Every structure is written in C-alpha cells, then in structure tokens.
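Okay, so subunit A shows up in both of these, paired with subunit B first and subunit C after.
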Partner chain A sequence: MTDHTLSSPQPKQTRRLPQINPVYFILAALIVAIILNNPNFVEPSGYMNFLKRAAPLAILAAGQVYVIVSGGFDLSVGSLITLVVVGSSMLSNNDPSSTWWVICVMLGIGLGVGLVNGLVVCFLKVPSLIATLGMMITLNGIAFMWSGGAPRGYLPESFRYFGRFNIRDVPLIQMLPVAVIVMAVVGFALYWLMHRTNLGRMIHAVGDNPRAAQLAGVPINRVRVSAFVISSLSAVIAGILLGGFGGVSTDVGTGYELQAITAAVLGGAQLLGGRGSVPAAIAGALTLTAIFTLLNFLGLPQPVRQVVQGLILIAAVALAMYRRKRTGQ
Partner chain B sequence: MTQTPVIEMKGIGKRFPGVVALHDVSFACQRGEVHALVGENGAGKSTLIKILSGVYQPDDGDVLVEGKPVRFRHPVDALAAGISVIYQEFSLLPERTVTQNIFLGREITRNWMLDDEAMRTETQRVLDMFGAGSRIDPDALVSELDVASQQMVEIAKAISLNARVLVMDEPTAALNESECRELFEIVDKLRDHGTAVIYITHRMREVTRLADRVTVLKDGEVAARFDHVPEPSAIVHAMVGRDIADFYAPFATADEIGATVLSVQGGGNSALRNIDFELKAGEILGFAGIQGAGRVALAMAMFGARPFDTGTMMLAGEKVHFTHPRQAIRAGIGLLPGDRKGEGLTLMQSVRDNGMLSPRAFGSLVGSHKKNDFTDVSGMDGLLDRMEVKAASYDQEIKLLSGGNQQKAIVARWLALKPKVLIFIEPTRGIDVNAKAGIYHLMRDLARAGAGIIMISSDLPEVIGAADRILVMREGTIVAEHKAGASETAIMLDATGETEVAA
Partner chain C sequence: MSDATAGSVRAPAMRVRFERWAPALLLLAAVTMYVVACLATGQTQYLNWNNFLAVIGRSIALGITAIGQTFVILVASIDLSVASLISAVAVLASVVMNGDPAMIVPAIGASLILGAIVGLINGLIVTRLDVNPLIATLGMSLVIQGCLSAFVSNFAGAVPTQFQFFAYGNVFGLPFAILFFFALALIAFFVLRFTRFGSNIYAVGGNQDAARFAGISTEKVIIAAHVICSLCATVAGLYLASRLRSGAPWIGANGVYDLESIAVVVIGGTVLAGGRGGIWGTVAGVMIFSLIDSIFNVLGVDAFVKQVLRGIIIVAAVAFYAVRTRRIVA
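After this line comes the complex of A and B, so read on.
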C-alpha cells in the first residue's frame, strides 16, 4: 500500500540544501558561552588545553560510531581504558624504555577484546549490549586482579608523552599538545575508513538491514567484527592518552563508555544502526566536554555532570526521533 | 436458507490511500455451514476478514451479527460477539502451557488466586470435544507441540471463547497430508456443533472436501458466489478470469535461447524434494505455485541462503554447492528478494549506495567506496540512468522512491556484477502498472544479453505473460511444466493439485 501512497501526488520534495548537522551549531554556541565566561579561552593555552582534554573522548566516540552504525553498542571501552592504564603500569614497571613494546601489547589486547566482542555477537548471537556489558565487567575484574587492587603512582614519562606533552613554540598557535595531534590523526583515519571505503559503506548497510546486506553478498560477520575491533583499538589509544593525563587507578575509564555513546548520539548517530558520522561524533565529544567545562566554570559540583549527561543523552535521542518522524519515516 | 445468517456483511467498501481494497462486497455465513472464501493473493480476502474481526473499520457497508448491525472498533469487540479468527501466524505464546494459552487474559480465579484445576478441566473438555484430548496434554508447553497441534490449540481457544463464527485463514498452509485430514475432521465436527466456519484457501481440493458454499473474490469485488460447490475449474476460472494486458515483452525466439546455464538434479532439503530442472541462457523461466509450494525455498537453496541437502547443481558446466549467498554471487547468481523492504533494501542509504552494495561487498575492505573491480560511481549512475530510475538525485535516501524505482536500484546492484543467472522473486509486488511493464522489459533485455532468468511470482497472468517456460511447484517439488502462454486454468489446476479435472 505504501507504494501507492508514494506514487500518488504529493508535495514535491524540494531539493534540500546540504544539511548541516545541528551538533556543530550546538558546539559553536557552547564555545561562545565558554568564551563569555572565560575570555582566556581564545588564547592557545585555553582552547588547546580544551582540545587536549577532549581528545580521549573524541577518539573513543569516533570508534564507538563504528559499532553504533553497524547496529550495536560497545560498553566495554571504559573498562578497556582502565585495563590499558593499569596494565601498562604493571608491564612497564617504571622502565622508560618499555613504552613501545607495552603500547604494542596494549594494541594487541585491544585487538583481542574487539575480536571476542565481535565473535560473541556474531556467532553466539548474544546481543551486543549484553556481550560488551559482560566484557566490561570481565575487563574491570582483570584490571583489579592484575594490579592486585593497589595500582602504583604514575606511568613512566616516556609513556605519558602522548597524553601530557605539549610541543612549544609552534608558529601561530604557540603550543600544540601531542594528544591533539593523536586525535587529529586517529580522527582522520577513522573518518576515511568510515566514509571513504567499502568497509564503511558496508557497516552502514549491515546496521541498516542485515538481512538485505547478507543477501546482497556483504560478509556481515566480518564487517561486524571489524566494527568491534575498531572500537576496541580506539579505546586503547584513548587509554594511552588518559594514562598520560593523571595517575594510575582502577577507575580511570569508569563512565567513558556511556560518554562515548552520548557523544556519538549527539553527533546524530542512529541507535540500532544505519546512520552516523565520525566527524559529527567527534563534534559530539567536544560538545560534551564543552558542557562539562561550562558546568565547571559555573561552579557546579561533579554529580551535576552526571545528571546533565543523562538528560543530554535522552534529549538527543528524543530530538532525533522527533526529527525523523517529522521528515516522515 | 431462510434463517438469519449468524454474520452478514453488506456492501462492504474499504479504501486505502491510492487503492480500493474492497468494493461493494457482500458475504454471509449461516450456523453450521462451512463457507469457503477463495481468491488470488491481493484479491481482498484478508482485508475482508480484518473488517469482520474489527482490525479495520469499513468505509462503506454494514456488518450484521444475527441480523443486528454492529460496529467493531477493536478486535476485542468482535471476540465478544463470538467471532474468532485463526490467522496463519499463530498468536500462541510458545513458553506457556496449552491451558495458559487458552485462558490468556481471562484466567479463572478463586479467592484472588488462579484456579489452575478449573482451567485445566475446561481445557480438557474443549479438547475432547473435537477429539484432540488424547493428543494434546493441557499442561504441555506450546513450543513442544507440532504445528498441527498448535493449530488445534488455536481452535480450542476459539471454542472456549464460545465462538459462533470461526475464520480460518489458509489453515493447511503448514500442515502435511495426514494433519490436513485431521483438520478436516475437526472442521466437520465444528460444523456439526453449529459453528459457522469461514474457510479461506487457495486449494481446490479443500473447497471440494469441506465447503457448503463458495464466494470468490477478485480485485476487491465478489467475482462469483456459489450456493453449492461447483466444479473446481469453475472456481478457478472465476479467480483468474481477467484480461491479460499486453504490456509484456515478446517471448524469446528459438535462436535467442542458448546452452544450459544452470541445472538441478534431485535437489532437496527440509522444504524441497526431487527438484529437477534446467535453465538455459537467454530464457525467462517462470515458477508458479501457491504460497508455501516451495518456490522461494528453491530460490534460497540455489542462492545458498538455505542450501540443498541432497542432489547436485551445475552452474555453467561446473558442479557447485553453495552454503552461503556470497559463494553463489561470486559464482554468478543474483537474487532479487520478494520482500523488498525487509530483504532487499537498506532504506536509510542512498539510491547509489543501494546499487553499489554488492559490487562493494566483493571489493577490498579498505578500497575506495567510489570504485571497485566491477564498477565505479559513474558506471553505477549510468546503469541507473539506463533503467530510468526516477529520483531527485541518486544521493537521495532510497526510502523516498516508489516501489518500481527501488526495485530497479536492486537490479542495478546485480547488473554491475554481470551474473549468469538472475532470480527475481515477486519482482512486481506492490508496484504500479507502468513500472511493472518496465520490469518485464528489463528482464527480457537481460535474457537477450545472455543471462538465464528465473522469475518466481504469485501473479499468475504475469508469469504467463513474461516467462518463456513455466514450471509449476506444489508441496516442495516441481509437478508440471507448461509452455509460454499456457492457460491460467491449467496452471492453477496443477498448482492446487486438481490435475484430474479437465481445464
């Protein structure tokens, strides 16, 4: 019957202007609000530190978008971050020369976690929400066991370089944190993979209609597993940056999985799959960080952040649903 | 026939946006009779039943129960008036017992507690009423029962609701021969108890076996009404007797038909048996049959989605066995699913992305989305242009396109891969007349270009008009072959198993 509806006369669809994702407007508005509260923000030390602080979440959100667009969730990324920080500290044992092989081991762990997540979802048919929730609890436990419950002070300086170091005396911008470079490189790579390759288009197709994708010849299991692996690897990179930010503890990554999902949804990623954008998810991460920054300026206590984050998540999804309904899905 | 019918529908009309589903349909059913309601897919049977059961409200006409006009606003109203419908998809909860299902939502209580004993006794009584008491344990989980028993539970549920009118929508679709016989006996018993049974079916032998009266629907109108059971051929004629529009492409000439490109010998699996046929390059091979005859199962077996367990399949001279669609596609088979939205399209993606889906699936994972071994973006746009896909832009979401244009985008997906065999399942379902003609000509063009085309359709005139050769399937196997332009009656008789009746 729908087809008849479609062929019957209806207001001609005007060729829409290239639509700009609303998240960019929200981000711009928030930055203006921050500047009004704190004029120093326009200085490089202001905005660069902001970007640096946002970098781990931005990378995490860019990875999370892969899983969301493919039709799932990845809740294991927060505890993977914790495991990366705790594990790196245990393995490196304050030896600065260990940094490179430790990072390789961590990427290996990320690859393994992503593979297990993906294979459990694809072949054991466990819904991704449950599969990655189980992984989240497991990884948290492993991190605790590994550290013996008492993680030590700080990672070696050479490891903390990525999260902590600022390159000074850069023309025009004076300082450039390494974390921001990492964010830009990873962000671009994930953008390219999602929006410029066959894999990216297939992730969209699988999240949109897995049955149709399968009958069209898409290797849906390979595609889904790839999405989980990418998300896990992005969590490892986020963990390496966060290890540079502060001390080693077993709650470094706590709550990051939900922040990443919130950021991706703020960027317009569609829950249950089929639509989403890496740049918009990064913008979503910056937006979330900007909101937290603003709440800080306003002197609101930490618990308020959680309340706000929860409300934003609900509001963003409700808004997306409303927009879709209005455009006639 | 002087008594007041237990239900009567008078001058029923129902319109959906852009289509008249029912026009001036009248229908009545007496106590203690089985009234067969027959018609092709899309003739309006389901709409009529949904009006009777309160799912839809009619735009015109009246529904009368025992001669009094009623207006059902909700299926619960119809249930309360004693009208129960057993749909093809059962409405039972699999992880509940038979008793729990029968009393779902109206459990007997005593002192605020469930009275399990009373419910079990009543269930047993109802099951015994039609001789199913020994076969079905009231405490068995529904998921443990076979399909036929589940259907009996549905019937028992209706009886325990004191149904005066029982509608059965193609009840034998999932039953085997002996289960069918049991069902017929149950229907006989219901009739003896004074229940009015409305029996929807495609199968002539069921009409002959069961019905007291027959009403034939076609294109939303009553095409014929019989107060006795006529010869099956008379019913079939009333069902299909429409003009065949001449918008089909010409048939293949002898020299257009080439060598055998695909053949199956002794193919079988849980839904199929003894499948033997050959498909030649350059021909359109039509598959006719009623729903559940195994046509789609055969397509999915050839495509590797539900593989053959037995038999051999040859593709272009080589023995093949596909267990996954990817293998079949790589070997040169394409398939257009019958459920376009559910199995064909990725609705949120663009027209072009839908066309590029299969070519991309066989390219390198990190290869550019704009170009692969099979085609590139401009090549895809060229294909879409050639098929005259009407879209404001190929970047537009495909869900905004009409059904015919959506179908063409799926065809484009396969054209880019240049398949040896292309299987069309219900290629014109739900698309308008002009778009249909476009699809027929497209299929013919592909055949002329050397592909073997398989066309599975429930629209009989379409199969006759478009296919060079027609295979008829029934109960999981191929039962007959007809030449191009065979008569609808002859095919329908094969499809329904009434071969002994002269066409």
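After this line comes the complex of A and C, so read on.
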C-alpha cells in the first residue's frame, strides 16, 4: 500500500475505473438486449412485471449477502420458502382474516430457523455448509409432514395481495406492483443495515478475518447469528411474495438457495467472506432474472437456461478473481 | 499455544486420538441402535448376514462417490458436480451399450473419458482461474445437467445382462458390488497413506502456501484430486446404470449424491477445510448413513419424519467432533 502512495498519480487513474461494479454494466446491457427483442418492455407493464418477478430473488439475494459476507453459506433459504408457503396455506385455512397473524407466525419461524442456523454454526462449530444443508433437509421434511405430502389450492386473496396485487392509476408509471414496493423497502433497509451501521461493519470484519475481528472486540458470535437471522427473515419475505405468485406446492422454493448465492456472487460478493454489497446483490438478482427473461424471449428451452446460468456463474467469479489479482487487492 | 506445550502435553494427544476414533464410535452407536431397534420391535429376522449385506449394498453408489469426494475435500476443495455427472454417465453408458454386450468396453471407456474431462475442467477452473471450488463445480453441474436434459428426458438405452453383473453378480458368495467398493476403498487408502501423491494431498489441504514453498506443485495435486473424484462419480454412474438396467437424466439429482457424499465424508471425520481425515472414516460414514435408513425402516418411521430426523442427524453427527475445535469455522 505504501508504494502506491509514493508512486506517480497514474495508478490512481487506472484504479478509478473498476470502482463501478461491473454487474451494473451487465444489467444495463441485458436490459438493452431485452428492449431490442421486445419493445413492449419500455412500457410500465413490461418493466414492472419484470421487477415483480425478480422481487423474491432480489430480497433473497440481499439477505444471502449478509451470510456470505460474514464468511458462510445459507443453503436453507429455498426450503424455508417452501415451508412458508405450505405452512401459510395450512394455517390460514382459506380464512382471509388470518393473514396478519399468519405472517407474524412465519416471521417467527424464520427468526427461529436463523437462530438455530447461527447457534449451530457458532457454538457447535459445524461448518455452515453442513449446518444449513441439514436445516434444508429438515425443513423440507417438515413442509411435507405439515401438508401430509399433498398441499393443494391457493392461499387466501388477502395473503396473496403482497405478491399479486398491482396498484393501478399511479401517475407516470400507471401500475405499481406491491411486490416491487416490498422489494424497495426491504432492499433499502438491508442496504442501510449493511453499509450504514456498525452491525454491517462488524459483519464485514468477521468475514474478512474472524480472529482479528474477535481481538478487536467484535462480538463475533452475536454478529454471525444476526447474519443468519437476517438471511432467514429475507427468505420468509420472499416466500410470502412467492405465495402470491402461484399455487401451493412443495417445490416452490427448490433451487432458490443456489440462485440467491449466484445472484450475490454476480454482484461481486466474495465467498468465504469480507466483501459484498447489498445493492450489487440486488442488481445480480435482476441480472439473473433478465438473463432468464432474455432466454425466454429467444425461445430457448429450460436446459439451455441451466447451461447459461452455469457458465455465467463461473465466468463472473473468474472475472472477479482476475480483476482482484490485477488490482492487487 | 505456548502454555499448552508447557502445561498439558497430554491434552492435544487425547484430542487427536478422539478424532481418529470418532467415526468408529459413531458407527458402533449406529450398529447398537440398529440391533436394539430390531430386538425391541421383535424383528430378529433382520439380524443376519444377508440382511447385513443388504444394508451395505444399499449405498454402494453413495460410497463410491464419497471415496472420490474424500480426495477433493482433503485438498480443501469440494465437488458439487458429481450428481449430474452420475446421471450423464449412466445415460451415456446405457445409450452406447444399447443392449449389445460387445459395446460394454467402449461404453465404459467413453464414460471414463467423460469423467476425466469433467474432472480436468473442474480442476483447471479451480486452480488456473482461482474460482471458488463450490461455484466452479456448481456451475459445471448446471452445464452438465443442462446439456443432458437437452438430449434426453427419460430412461434411454439399455444395459446388456452381462453388464448387470456389476450390480447383481456374486463372487465367492459375496455381492460383487460390495467387494468392488471395499477394494476401491483399500486402493484409495493405500494411495493416501503410502504414496507420495497421498502425502502431497494432505500437505496441500493442510496449508497450500506451505506446500507450494516446500516444492509441491499444488495445482497438479488439486487437479489430480478433482480427476479422481470425477472418475469415482463415473464408476458410481456405471454402477447405477447396471443396477437400474438403464440410465435416466435424473438419477443423480434424485439421489442427492452431491450433498450427501459431502455429508458422508464430513461425518467420517474429514475436515471441510482440508488436510485432515481419511478413507476409513468415509466408509464408516457411508455405513452409518445406510444403518440410519435401516433403523428407520425397522421402526417403521413415517417417510417425512425420516427426512426431518435425517437432517438433524447429519448436523448432530458433524457437531459430535466439530464442537471441540477451537478455531472459528466458516
């Protein structure tokens, strides 16, 4: 670091360029590509539906960033989404007035799941990969048990409001889905918590070097448990939105844990901790959704989607590592 | 650290010994629980040699995959692509054979080449591009699964009866698959314990920088570990094709071989951070897994409750050793 300050101002100029996270450029390019393919996308109904579809993943990715930055993984979010959707339909039992307390119960379950994840990782010293994998298997089993293996039907309309409803006749944009409002509010709250508070700084410190953070007086166990709790709560919110999108089934959440990690990594979060940003993770989630949308417009089948997702995942991390090596950070 | 050498020399020695015997203790506990469950429910007909073989035979595919997974985890890497590779190999082998005994050797050859290529690419992405192994192999898994489902959507091809010997044949009154599994475990044990490559694996997993400074070409070791892991997954795929008499693009994902093989390796005492563990722990882990299933079957546990308990047991088994570590785990 010292010889950087001593040398001529030239390295400063070259280092200013990578300041903007490349995920934003990729997202912009993808959106241009979508517009070229489908001019309707510039209409409010086009981009608002896009944002609505991306909202659950964006919220999930914003929560996942907390765990990734603190140095772990959370594989249990997908099954938690399933549990939220299945559990809500069992609890509400088609009674529209139950929505509020059901949501409170679900947030309570999320809090409990996050606490267990965090405590198992911190105090039983089980690596988070295994701890949350065990939680994933357990929660899937509970969802099956609760529904008797055959969940059915839809959630009551008042519950589906969050995922489904569009506020009409809004000036300038005509329609505003409630899911997008939820995404904006949760996204901003998580951004503020991560990048403007002490908790966020401590999460970064713990993920970067847990021993150093501990010696510096960071209550590492409390910080890491908070990260898992935040991730689980974001999964509950994503589950509530997804419950509004479609019917009740036991595979609503399948695959979301890996998509959330992919989105966070696209946003430049560093696996094993110490680096990551909430807005970039949300941009990563939008990028992933944009890629899927684009592939849909191009009429490519599901298998191609998988291949593209895999290649993009590897390319994004390889590029990030290359940049990091080149800038010497 | 300094006062540990001065005061209690015995304590660390005890801990190492505990870690070495923990898989055996867990296995013993599982066997005891199985016997008790059988006796308590009066199902003593399950307590015989044939049933014992059946219990082991149930998880041969998982066992073979886990032996390969042990190598990558020992070098502090991980492989999530094994499940889709298993599917791909099973389909490739059964399509190439297509019921013709003459095509058995070409099919096995093609499968092994596919496995070696996948392992090589995994290893190159991890070492040359510095991509986190979790992401690299997850991406690889998506690519393989996508390519596979683009071509096949159901059971494809057929396996000739001669090839079904792999899964159903008997040698000296013992199932061939079980003998094969233990032979593979024995070979893996010798490689890890008595060859230079084996000690290089432990060195690289323990501390990659130190290993590099000691003159070990760490990249080659990591790539070789990935190739071995993929080849083991290939063999597991061939076994499943032989057992199911045909290959389908979902058999790997349905068996959750990626995450379960990792869980088995970790239950067997191999540390995810690399450098510590061994093959016999993994073998014990595999047997613990199939014993747990058998215990549930004997007790007649509901399928969903079984899944819930399974998740809890995985975490509890890992916590059994991990709780003693002083380091801060990720």
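Heads up, the rule we're going with is that the second predicted complex is superposed on the first by the 311 of 329 C-alpha atoms of A that agree within 3 Å, B and C clash if a C-alpha of one lies under 4 Å from a C-alpha of the other, contacts with A are read in each partner's own complex, and residues count from 1 in each chain.
By definition in this document, a residue touches a chain if its C-beta (ideal position, glycine included) is under 8 Å from a C-beta of that chain, and two chains touch if they have at least 3 such contacts.
No experiment lies behind these values; they were computed from the predicted model shown.
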| item | value |
| --- | --- |
| Partner chain in contact with A:46 - subunit B first, subunit C second, else both or neither | neither |
| Partner chain in contact with A:130 - subunit B first, subunit C second, else both or neither | second |
| First, second, both or neither for A:212, with subunit B first and subunit C second | first |
| Which of subunit B and subunit C A:310 touches, first, second, both or neither | second |
| First, second, both or neither for A:275, with subunit B first and subunit C second | first |
| Contacts of A:246 with subunit B and subunit C, given as first, second, both or neither | neither |
| Residues of subunit A touched, compared between subunit B and subunit C (which is higher) | C |
| Partner chain(s) touched by A:200 [first = subunit B, second = subunit C, both, neither] | first |
| Partner chain(s) touched by A:226 [first = subunit B, second = subunit C, both, neither] | first |
| Residues of subunit A contacting subunit B in one complex and subunit C in the other | 211, 214 |
| Touching residues on subunit A, where the partner in the complex is subunit C | 71-73, 120-121, 123-131, 133-142, 144-145, 149, 210-211, 214, 220, 258, 261, 265, 271-273, 301-314, 317-318, 321-322, 325 |
| Subunit C - residues contacting subunit A, complex | 125, 129-132, 134-136, 138-143, 145-150, 259, 262-263, 266, 272-273, 302-312, 314-315, 318-319, 322-325, 327-330 |
| Residues of subunit B that touch subunit A when the two form their complex | 16-19, 303, 305, 325-326, 329-330, 335, 337, 342-349, 353, 356-358, 360-369, 372, 392-393, 399-404, 413, 430-432 |
| Residue numbers on subunit A that touch subunit B, as the complex places them | 1-8, 13, 15, 193, 195-202, 204-205, 208-209, 211-219, 222, 226, 270, 274-275, 329 |
